[in-house]
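The same subunit A turns up in both complexes below, where it pairs with subunit B and then with subunit C.
Here is the complex of A and B:
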């Protein structure tokens, strides 16, 4: 049988010829009709470029410089724009990564969906055609959603609308580029369930691009692992993930967060005590409703919840960036003094001033607290960089010269600078690749063993929290719904929401 | 929404009031004596004449009284009397304004489509050399001096090929060359701002979504990216109108048209302070109102702002 899509030796380059490594470097891939194939890789592996190339959506700066791509038995590499337009939408559909930016913010769902239907052969889509297209992707009240603008919908609904538009032309192949990496775990599960269901119902093949091995394991018939532009391993999902052959696949599998083992930490000496915290933002939004928790000295408390659950507000209140409406935050029984609680933000690409040198960034808390002389501060910066595993010459560089993992190390060094009692880690690894994520989590453990500070670890990812935190608190709608030792909560969750979160972790088994 | 409009109207009124107050302070409160400035150092100083002029223009009255009187008058459209001609400032401006309005309007009518066309084409084309060429156009046309462009056009299309009159106070034929002269740099402003936004918008995932649905590049630019990119260009256009007043100084001189630009030029050379002050206030008011109109139009285009404004 001819495969639906066959890619042989595909090479894609950015920029002028002969310079640098190609983004996709001789990649091979096959997708049969009705099959779900996952391409797994880290950022920079070329997986997204591959997805764009197969949809004919490469930017003007990129060129296909080699290889053969056949789709439905016909060659599609080197097709002209006009020919691509006959394929896109009708035969090959594409869902981009971030549902927050993938819909035109100025147009209603109706206008955008109608455009999709018009472009794929329904000249004047009527109300019933529009509602049917939304109904197919599990939107319960299509008539209401049609009138909405994208910003009035949740991330999950936006992704469903995008999926509905992509499927409007009944394509043979759906290419989904990290369709759920911007969504909460529970929403991710619903959207992926839907993709699987629709693919099975319509016989649509799916090319699922993901960085998440668990997602690939749950959803794909076959898995291709990409690194440095090449597909290093391809095969049935169970085989690739069960008995990986390539060294890189094994590294990826090893890096997936593993739950902490060993006995639960004994209740220690309370360090940070938060009582009846309540935060109402101007305009009346209640972000946090009577939250109480205790962080032990040298302990790690994981705070888990979906976006909007109030966990970031707690992080900001504890750090002193936001005043609580009521309630108390006490460190060693007293109000928190400047510098005792430090903060590591989610996105190391945005949290470091691009115009400052790394040395200045790390020394900034010391300067703010007027600690030490200039020479002492320079020496301290050198030791801090060493602590987080960065060479001293990094101090002279700017953040733009560093990788994401290195930047997060700089942010951690900055938080360590005033020797704080508590470091608040707000989604410290969610912007990082699996391998880097594992390295940063290991670094955090090592630093805690050495310096003995406590961590308040905020995350939407239960797997990350299980891998790093001895104790756990689950938040929903501004309230803490469950807390206790991590292993105990995960083994016997009491709150329904915790059970839901647990069930949504990818990699738990074949979903559907 | 009404509260939003009311707040913006108050802000606009405050800006115009500030323009009036600042020019008043600069012209009449600084130690320099306006009458002496007007007479100029070259004409010797006859103390009796200075005193007579001061009395004639009411400059011997207390500053606060003059400020409030002037303000009250300005609110009724009375900007006082020109130091130079002795005629009412308001009526002189009203006389000159239509000619400049026609010039500026004609320039905008050419500049906006031209600017949009350049930006649209540069965003649409896949040819790198063409995109670079079109992208370089705005910078190039901004660096061409207006007076030089005007003179070249005059030489070519009036004296060389007698297609358009060299001097024509009124009538559409006489408007063509000056409007084109002013439109070239104006279109550059529009194209520059629009192209910058369009380049950003074309990289947004929603453009990929549109093209994945099967939309052509032309459709992706026109129906999706352009709407998202248009707002900054519209704001730019409102500011451009203010620039057109100073642009008309040169163009009206080159083409010998009696408009606001010439009025500005003569008011500056003859140090006609009431005239200058009125010109500043009128220009500020026009630009402020246009900016306000554009700001109020934003929510019509962007539904996210509609909710914030509500």
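Here is the complex of A and C:
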């Protein structure tokens, strides 16, 4: 049987000829009819370029310099845009990464869906056809959603609409480029369930691009692992993930967050005590409602919840960025003094001033507290950079010269500078690749052992929290619905929402 | 397109260089006295001894144009300086304070924007009296409103960024955050607008002094040179055309260089 899609030695380069290594370097891949194939890799591994090349969506700066791609037995590499347009939408569909930007904000769902249907060969799609297209992707009330604008829909619904548009033409192949990496874990689960269901029903093949091994393990029949533009391993999912051959696959597998094992930490001396915290934003939105928790000295408390659950508001209240409406935050029984609680934000690309050198950034809390002379501060910055595993010459560089992981290390060094009692980590690794994520989590653990500060770790990802926090609290709609030692909560979750979160962790499906 | 743009860089730079040099050391270009006329040499067309001809009092037009560049350019630079400074301060205050002060200040700025800028300039000049510096101030005040809006928008954007939040957690004082984080990061678009405004200011200053509000008569200034040549438009075209061309050339050169600099900094 000829495979639906066969890629042999595909090479794609960016920029002028003969410069740099190719983004995709001799990649081989086959997808049979009805099969789900996952391509796993870090950012920069070339997996997105591969997906775009197979959909004929490469930017003008990219060139295919080698290889053969056949789709349904016909060559499609080197097709002109006009020929691609006949294929795309009808035979090959594409779902982009970010549902937030992929829909036109000025057009209703109806107009955009009708356009997609017209392109697949229905000249004037009727109401039935439109509603059916949305019904197929599990949207409960299609008639209502059709009249909405994208901003009136949640991220999960937007991705479903995009999926509905992609699947409207009953394509033979669906290419999904990180379709759920911008979504919460629970929403991710429903969207991926849907992809799997529709694919099975229509016999559509799926090429699933993801950085998450767990997602690949749960959903794919076969898995290809990419790094530095090359496919280093390819085979049935059980084989690749069960007994990996390539060193890189083993590294990826090792980097997946593992829940802490061993006995629950003995309750220590309480350090940070939060009582009956309530925060109402102007306009009446209740972000946090009667939240109480205790953070032990040198302990780690994980705070888990979906986006909008109020966990970031708690981080802001604890760090003093936001005044609580009522309730108290006490550190050692007293209000928090400047410098005692530090903060590491989610996005290392936004949390460092692009115009400052790394040295100045790290020294900022020291300058604010007027600690030491200039020379002492410089020496302290050098030691802090060493602590977080960065060479001293980084101090002179700007953040733009650093990778995401390095930037997060800089942010951690800044938080460490005034030797705080508590560091609030707001999604510290969610913008990072799996391998970098594991490195940062290990670094945080090492720093805690060395300096003995407590962490308040906030994340939407239960797996990350389970890998780093001894105790955890689960938040939903502004309330803490469950809390306790991590191992206990994971073993016997009481709140239904905790069970939901637990079930949504990718990689559980096949004992990953 | 980029080729054409690059083609214009050298001539624009030369024009600007010549104008600046003329403003700094006019005697280098023209040894003739711009104020002293020779009545036997009245209204001579451009020629070997008088490259731009002479006016009705026998004064060398080339000397007058060269000596006029100092007040004209100075006024434009001062105008932009006033606009950037005043606009930035207003925008910084409004963007930082938010709330009622922000609303009050920005509504006032909108009223300023609603008045036609030329009318506003004339009102300010009428209050301050004529003179090069007064004209510069008036042009600056009328342009400040746009700067304050851009600055406020940038301040609001930067204030919400992660590094400003991080600085607040570090315990950095509000004033320090403003000066070390907000201002430098908000300055880019304001600087870009300033280059655009400079060409505009050259034109506006010339226009106001054309109307007679600039330096008093014997002193040469580009706009007033054009105005002074008007009665002789039919018989001595060079009196109006030459200063007019100089004004146009300088405005074009400034705009073009500003545009190139902006696109360069955007693509970087």
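Structural remarks
As a working rule, the second predicted complex is superposed on the first by the 509 of 512 C-alpha atoms of A that agree within 3 Å, B and C clash if a C-alpha of one lies under 4 Å from a C-alpha of the other, contacts with A are read in each partner's own complex, and residues count from 1 in each chain.
As a convention for this text, a contact is a pair of C-beta atoms (placed from the backbone, for glycine too) under 8 Å apart; a residue touches a chain by one contact, two chains touch by 3 or more.
In this text the structure is predicted, and so the values were computed from the model without any measurement.
Per the definitions stated earlier, placing subunit B and subunit C onto a shared subunit A by superposition produces a clash between them. In the overlay built on the shared chain, the residue A:120 is in contact with subunit B alone; subunit C does not reach it.
Looking at the superposed arrangement, the partner reaching more residues of subunit A, out of subunit B and subunit C, is B.
By the touch criterion defined above, A:169 lies against subunit B but remains apart from subunit C after alignment on the C-alpha atoms of chain A.
In the superposition on chain A, A:354 makes contact with subunit C only, while subunit B stays out of contact range.
In the superposition on chain A, A:4 makes contact with neither subunit B nor subunit C.
Within the superposed three-chain model, A:339 lies in touch with subunit C and out of touch with subunit B [touch as defined at top].
By the document's definition of touching, of the two partners only subunit B reaches A:88; subunit C does not. By the touch criterion defined above, A:98 reaches subunit B but does not reach subunit C. In the superposition on chain A, A:320 contacts subunit C only, with no contact to subunit B.
Working note: subunit C versus subunit B after chain A overlay, options 110-118, 164-172 or 236-244, clashing stretch identified as 110-118.
Touched by subunit B in one complex and by subunit C in the other is not one residue of subunit A.
Across the complex, subunit B meets subunit A through its residues 126, 128, 131, 203-206, 208-217, 223-224, 227-228, 301-304. Only residues 161-163, 165-173, 176, 180-181, 184-185 of subunit C touch subunit A when the two sit together in their complex.
By the touch rule above, subunit A contacts subunit B in their complex via residues 52, 55, 57, 59-60, 81, 85-86, 88-90, 93-98, 101-107, 115-116, 119-120, 149, 151, 162, 165-166, 168-169. Residues of subunit A touching subunit C in their complex: 319-321, 338-339, 341-343, 345, 347, 350-356, 361, 364-365, 367-369, 411, 414, 418.
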